[in-house]
Amino acid sequence: MISLTLYYVLMAICGLGSVVAVFLAIVERDMLKAVLFSAIQSTLYAFLYYLLMAPDIVLTYIPVSVGLYPAVILFLIKKTERFEDVEMKKGVLWATGLLSLVFVIATAAVIAGKGIGPVPPPDVRFLAGWYLATTFNPRVHLISAMAPEGVTSIVWDYRGLDTVFETAVLFLAIIASVALMRGVEHKGVYDELKHGMTLIGKTITKIVVPLIIGVGISIALHGHLTPGGGFQGGSALAVAPLLVLVVFSKYFFDKVKFTKTKALAIRSSGLLGVGLTAFAVLIAAIFLHKPAYILQNQPRVGAPLGFPWKGIDGVLLGGSLLSFNACEAMAVCAGFVILFLLLSIPERYVRSVVVGGEEHEH
Amino acid sequence: MDPVTNWVLVILGEILVSIGVFFDVVAAIGMLRFPNFFVRLHAATIGAIGGAFVPLMGVALIAAGCDFLGKYRWFIAGAAAVTGVLVLMLAPVGSHLLAKAAHESRAAVVEPKVVDFLEEDKAKEGGEQ
Amino acid sequence: MAFVPPSPIYGLSAILLIVAAFAVPIFTLFVKNKRFYDAYAIAFGVFALAISISIARKVFASNAPIIYPFGGWPPPLGIVYEVDMFGAVIGLLISSVMFLIIVYSTWYTERLSGYEWYYTLLLGLEAGMLGVVYTGDIFNLFVMLEVVAISAYGLVAFYRNRPQAVEAAIKYAIVGATATTIYFIATIFIYGSYNTLHMAGIAMRNYGYFHLTFPGMLNYLPGVFYGNMLISACIALALSLWVFTFKAAVFPNHFWLPDAHPEAPAPVSAALSGLVVKVGAYASARFMYTMFGLGSTELLNHGIAHGVPPPRTMFMIALGVMGALSAVIGAIMMGIQRDVKRLLAYSTVNHIGFIYMAMAVGVQGAPRAAIALALAAMVFHMINHSVGKSLLFMSTGAMIKHVGSRDLDKLVGIGKVMPVAGATTVIGALNLLGVPPFAGFLSKYLLYQAFLAVGMPYLAVLVVVASALSLLGYAKLIYMVVSSKPAPVAPGSIKESPVVCGVLIVLAIATVALFAAYPFVLKHVFVVTAQHLIDPRIYISKYYEVMAWMWSSLYGG
Amino acid sequence: MSTEVLSFLFSIVFMSMIVNTALALYGVLARPSLVKKIIALTILGDSANTFAIMVGFRQPSGTNPIPPVLLWKPTPSNIRYFISHAVDPLPQALVLTAIVIGLAVTLFLVFLTIQIYRQYGTTDVRKVAKLRG
């Protein structure tokens, strides 16, 4: 019981620490420091997710909130301005901060004393019980996702429609950004000595990038077995091109002829792979004159077709999850490359295209 | 494995971890006491190599010597060793790039400056062109 | 007998459109011809329209909702599409108006760089809106709202070299992103206490259908609830109604609309004003009638204290007040605008106010027949406003594009050089003002009748007052067209595109056709829709039937 | 006694998330800098996500909860143990979706903010409103 109490004490420390970090991040005038505080908050949250038994979220959250967000916002600060033009009195700030901490502890005491039911409950909800019981259960194959990873099964099988459209949101955001930067085509000649960081940095990047790619691919392809999945793997994969972009400079991409358009095509192929996987069983069923559903994975009631879930030697394939994860990882990685390529175009050049008279409604 | 090997592994590992503790303390004192950015960076890298790489190797040895972990012990030992090697490779590069960036952007002021060869080289190159 | 999967057509529209959008970047690699993208977008617009028609036909023929369980998961495990009459009508409206907007866009995007991205975002917008109206799952609703929102932000910022456009987009996007996050919190509250995310499942709990059990071993419905359903339902309703009123631009939350809608390209303004705000209204109605509807036990019978109206009534009063205020304020603000598109944007605030007023009369104690009448008026008015507003945005968009100004004064006399656009502008204005023989008159009249029948004559008066106030704005529009002053451009210099004329004439005919078909559509469409909306038992029982059938064929077969 | 202690400690985290949400809302709606608004928006999303995951947490009496990943052979007894010890996977899946959506919106907002800066030369909304006139 001591260890259990310690576990909860750690959680409470993370919670209170995050309040402090958020408070500082919000009131800070210097944006660089605000990003730093926000990164501290993210780290505490990641730790909290770990304690809350959400390894999938940790794997998503660390590359996204601890890595990509600060990177993007640093790009943003570099391109815009660093200070916020607001003055607040120090005394007021301290008072608010302390009051909010006291508020947290007091209301927590109220909840713990009166009880809005047990917090945390000893049991999960009935629906969750069904998910846990059917995520990998060959005895009830007709309502099982046949993949041991509960979260990935929900993400791509039980609630696959959500995920297809969540991917669509990311896709549309990238398209909207590309539309905002349309007509901006910048190319330079890569010079080994002039561009990027030092030789030491470049050499070590050459060693590290394959490692990162390996990790990313393994996170993506093991998504149906262990925590991880397409998005997690893709965002880990995206760190590799980001590193190349920072260390070798943008012009390296011009040298290897990897343009935004190509990245966009890779992204689209990944997304089309997602779409195809969603319809695969349905298409097969139409040819075989059998009934089937959209987004079907395993055989279901009245729809006997399904993806194979077991390979040679009993290796678990996870049905459509494997294909979904692989395609999604490809798409997410390419999506981030597009955004970073767009962000790394020199500002002076972008301005010459994007600002100023061009098409108008009038 | 036989108990003697296990004992040797565990004790070796514990010695390495203790060395790591020593380096961490030294690095922390250095961070506090050193006068400018570059020497503090030096102290921080001591913390990374002596205070992270060495104890991680120690952890790998301890895990390899712990029978009760079952099949997980090779997992823990391997993970610790890989992490240690990565730290060994990446930490110096990180400090190198930080120092380079600080020098080029002139964000860090070197207070008791005796000599700056990099600056002199740059000046020479600039002069030649 | 095993459960036979329903036809995949019923689940196809949104996902097919989004996959079509996914494919566009690949085509940009080797197709540079604009005609190809025009044809591509139109083809999928037709596809969506055909699917919506078949869904609507099926729903009205069978007089019951359609349920499509994605992935073959028996509810409540997976996501279902549940399309009832309300959803089918609004879905048909969305896909038909969007089809016309896409056709209009083929003309509008000539000489516009980045038309391929424009079409991608437009397809995404349509997919999102269809998803919102067809889905039967509150978290899927969140995802779909976000699909709609992100496409809308991208389209508002499409004229990226106009500072005002970018500013309007960021204003819209920051508050919009906050709003959807808040809706996410609301769904978590609902999941926390209701233990399901399906709209029909939530309604089941609210209506106390706990006695329904399943054949065989499955019997999870009468489960334990976590926490207090009343409190979490109130919090979730408060949060999500705020979000929906933001999406629908009802009075205090309308601040983004007069900036965002005018700055978008004209067809996008038509889509935003005509359809996207309806998505917010649709979601509000879905929450307040299907899920937390009249007679739902938790929210109505458990008032907080004696003498205080039950929470649902209070929410309705709040919505009604907001609606009334936005009707009046929109009408007043219309009169003082000099910018044509801003005037039309405020007219949207005005009409969305009418829609919310009609929605808000359905409180406990009001006669059911009268509420049905009000909801019928609401649906009818949503359709009329969509048709009228998209007509106006597209006709004025054509004028603006030719003349090169949005200023009312600079456009005066335009009717002489652009007769079709001019005539349809007048028709659209008269329709929205509520003049016979256009359908807008009938929907306003129906609103008036419904408010009288409910016993709220002050609302009926308000409809008349707000319409009278808006007369000034519409009069400006009509004067702009019919004025005898010299036209802003030389006569004969403008040649109206046949595509534009076709679209405008179709929409203008639609307003008259709805007027002509009024007795028929009222009886067979709107009143039936309203009755189904008021009485969620049909919605719930169809859901229950499918659920029981799927589970029992799983275990019994 | 100890259940109350645990409950108290857990409630602290709950309330922290609520306070963080409030602080982030203040940041989004009241602070003038667009960069600050974006940072606050990410914090808002993260706090909502943490809240969701906490709703799905459980504490089986006596032992630790486990993640919703079935690491053993799917025999009936293993599955029974899994059901009685694993936390709720649904909020985690929802949060995964919400994280991606939040990321997408933030990325687009970053591009819009840079564009605002290109047009107006400032990221302060008050100055932008003034310049617009």
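When the chains are written out, they are named A, B, C and D in that same order, and each has its own residue count from 1.
The rule we apply is simple: contacts are C-beta pairs under 8 Å (C-beta built on N, C-alpha and C of every residue); 3 or more make two chains touch, one makes a residue touch a chain.
Everything quoted here is computed from the prediction, not taken from an experiment.
A.B. asks: By mean C-alpha position, what chain is farthest away from subunit C?
C.D. replies: It is B.
A.B. asks: Measuring centre to centre with CA averages, how many angstrom lie between subunit C and subunit D?
C.D. replies: 29
A.B. asks: Averaging over Cα atoms per chain, report the distance between subunit A and subunit B in Å.
C.D. replies: One centre to the other, that is 30 Å.
A.B. asks: Centroid of subunit B to centroid of subunit C, CA atoms only: how many Å?
C.D. replies: 60
A.B. asks: Among the residues of subunit D, pick out those that touch two or more other chains and give their numbers.
C.D. replies: Correct list: 34, 38, 90, 94, 97, 101, 104-106, 108, 112-113, 115, 119.
A.B. asks: Using the touch definition from the top, which residues of subunit B touch two or more other chains?
C.D. replies: none
A.B. asks: Hey, what residues on subunit C touch two or more of the other chains?
C.D. replies: 139, 143, 146, 150, 153-154, 157, 160, 191
A.B. asks: Could you tell me which shape the graph of touching chains takes: line, ring, star, complete or other?
C.D. replies: other
A.B. asks: By the document's touch rule, what are all the touching chain pairs in this structure?
C.D. replies: The set of touching chain pairs is A-B, A-C, A-D, C-D.
A.B. asks: Which bits of subunit A are touching subunit D when the two form their complex?
C.D. replies: These residues of subunit A touch subunit D: 1, 4-5, 7-9, 11-12, 14-16, 18-19, 22-23, 25-26, 31, 34-35, 38, 41-42, 45, 48-49, 52-57, 60-61, 64-65, 68-69, 72-73, 75-77, 79-81, 84-86, 100, 103-105, 107-109, 111-113, 115, 118-125, 127-129, 131-133, 135-139, 148-151, 153-155, 158-159, 162-163, 166-167, 169-170, 172-174, 176-177, 180-181, 226-227, 229, 231, 339, 342-343, 347, 350-351, 354-355.
A.B. asks: Please give the residue numbers of subunit C that touch subunit D in the complex, ascending.
C.D. replies: 139, 142-143, 146, 149-150, 153-154, 157, 160, 163-164, 166-167, 169-170, 173-175, 177-178, 180-182, 184-185, 187-188, 191-192
A.B. asks: Across the complex, what residues on subunit C touch subunit A?
C.D. replies: That would be residues 2-5, 8, 11-12, 14-15, 18-19, 21-26, 28-29, 68-74, 76-79, 111-114, 117-118, 120-121, 124, 127-128, 131, 139-140, 143-144, 146-147, 150-151, 153-155, 157-162, 191, 195-196, 220, 223-224, 226-228, 265-266, 397, 400-401, 403-406, 550, 553-554, 557 of subunit C.
A.B. asks: Enumerate the contact residues on subunit A facing subunit C in the complex.
C.D. replies: The contact residues of subunit A facing subunit C are 116-117, 121, 125-127, 129-131, 134, 142-143, 157-162, 164-166, 168-169, 171-173, 175-176, 178-180, 182-183, 261, 264-265, 267-269, 271-272, 274-275, 278, 282, 291-297, 300-303, 354-362.
A.B. asks: Could you please specify the touching residues of subunit B with respect to subunit A in the complex?
C.D. replies: 86, 89-90, 93, 96-97, 100
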